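Input: one structure, supplied below.
Naming follows writing order (A, B, C and D), and every chain is counted from residue 1.
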Amino acid sequence: MTSVLSVVSTGYRATIEEQDDTILWFTAMCSSAGVDVSVLLEGNAVNYLVTGHDVGGLRFGELEVEHPPVLDRDVADLVAKGVKIHYIREDLDALGVAEDRLLDGVTPVKRAELPVLFSNHGQIWRW
Amino acid sequence: MTKTLTMVLMDPPYETETTTTALRIADAAMGKDHRVQVFAYEGAVNLTMAEQAPHPNPVKGTSVEEESHPTTKDWIEALYAAHGDQLDWINCGLCVDERGAGRTIHGPRRGGPGDFVSWMEASDQTLVIPTR
Amino acid sequence: MTKTLTMVLMDPPYETETTTTALRIADAAMGKDHRVQVFAYEGAVNLTMAEQAPHPNPVKGTSVEEESHPTTKDWIEALYAAHGDQLDWINCGLCVDERGAGRTIHGPRRGGPGDFVSWMEASDQTLVIPTR
Amino acid sequence: MTSVLSVVSTGYRATIEEQDDTILWFTAMCSSAGVDVSVLLEGNAVNYLVTGHDVGGLRFGELEVEHPPVLDRDVADLVAKGVKIHYIREDLDALGVAEDRLLDGVTPVKRAELPVLFSNHGQIWRW
């Protein structure tokens, strides 16, 4: 089967309301369904790799959000499933995040290396 | 002294973090005894749809109960439960029509820009929170 | 030779011009006898809601009939009418649940990412049209 | 009553599907309801002022869009109602549009003049 690169370019889009990232979720479902899929995190989505996400405590009146999104955990779960995770190094640098704050098992890619990464996949889904 | 805040929301449910922020502002204002009037325009009329239902999360392997995912109408129902006499909510009627979004929770009512104008004239401040 | 195109849509109705473009691509492909399979994800599940209804335009002073505003479900019904045997449409079921968007026109059916994967495997091309 | 400046910063958002611009529409309704409202067009929305908009011909199967959006007409209708229309000159320049292509009765504002424009209104609604 063709290999797919799923590009998350909309970091933190709707993650509070959804309790997860809709694209990571879809990618995980496709992986479970047998797709040979890798992930590329672009823009603010590179911050998903920083360990220690915690948006707990949100509540409206008496309604507490019990299971807020934990995006580093969701990425780590993909790594554990064998999904390869790439991120754009310049986008991490732009946020001023040091690499030693990232979870293990993820791969930096420079922008100049993207054409090679793309050519190694049969389909690119850029979300 | 009690003030009155009018807000316009535009984002559909589950699209941005904007609505979350707006509802937090509303909750905080009402928690300090102020009045809040929300005019839901365009996609925001879908926030209060009665038939919204939580779902399980097959990626995490959680059941509906374990995932415990509040829908947007749950958040707004919680605001009504906590501050019902301070909250007024109008869904733009023509926006409701073109979306087929007429079945809402108890609380929100149908209206139009004329209602918004009346609110604005009687408010201490008006906050427009657009979609992009 | 007939090809099969799978598309993912994500935008809610009346938010961008993206859906218009996607439906034009679908219409053009089917007009050349190709097959099109649309997976509506997230807000795009609202595109096919049965209770969408046109409305008058008080700014222009037009009645419902004069304004003649096709809703998004009208566009999609028109695609089914013109190319029904070439079009397949799945609304993401969990996305439908959390939006209360279960009442659709005839044609679209409920499904999940597994259906999308089956489509993708059997398609000549897959086009992801995200929301921003 | 307080005067309002309604800023359209999302040019062409949803205009095909809506058959008009949702913010111009809302602004027109507010004007009819008695609000002292002016408009500022920002970004791509400055192009609404170019005369000759025509997106006719859109159809799906047998369904033709009979009344596509005509944004210059919608702005001209606001001008005729007495709503003052401003646009950001630099944003028009960025599109390479000459001022003689614009409809009559609209007012350019330089970015440096925006603070004065804002201070002349009681409320700013930036959409």
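In the analysis below, a contact is a pair of C-beta atoms (placed from the backbone, for glycine too) under 8 Å apart; a residue touches a chain by one contact, two chains touch by 3 or more.
A quick note: this is a predicted structure, and the numbers were derived from the prediction, not measured.
In summary, the chains found to touch both chain B and chain C are A, D. Annotation: 29 Å between the Cα-based centres of chain C and chain D.
Multi-chain contact residues of chain B, defined as those touching 2 or more other chains: 13-15, 42, 69, 131. Looking at chain D, one finds that residues 13-14, 22, 29 touch two or more other chains. Chain contact topology: the protein chains form a pattern that is neither a line, a ring, a star nor a complete graph. Looking at which chains touch one another, you get A-B, A-C, B-C, B-D, C-D.
By the touch criterion given at the top, residues 1, 9-10, 13-14, 22-23, 26, 29-30, 33-35, 123, 125-127 of chain D touch chain B in their complex. Contact residues on chain B toward chain C in their complex (touch as defined above): 12-15, 42-43, 46, 49-56, 69, 71, 73, 93-94, 97-103, 131. Within the complex formed with chain A, the residues of chain C that make contact are 8, 10, 41-42, 112-114, 116-117, 120-121, 126, 128, 130-132.
In the complex of the two chains, the chain D residues touching chain C come out as 12-20, 22, 25, 28-29, 32, 58, 60-63, 65-67, 74, 77. Residues 13-17, 19-20, 23-24, 27, 57-60, 62, 67-70, 72, 74-79, 81-83 of chain C are the ones that touch chain D when the two sit in their complex.
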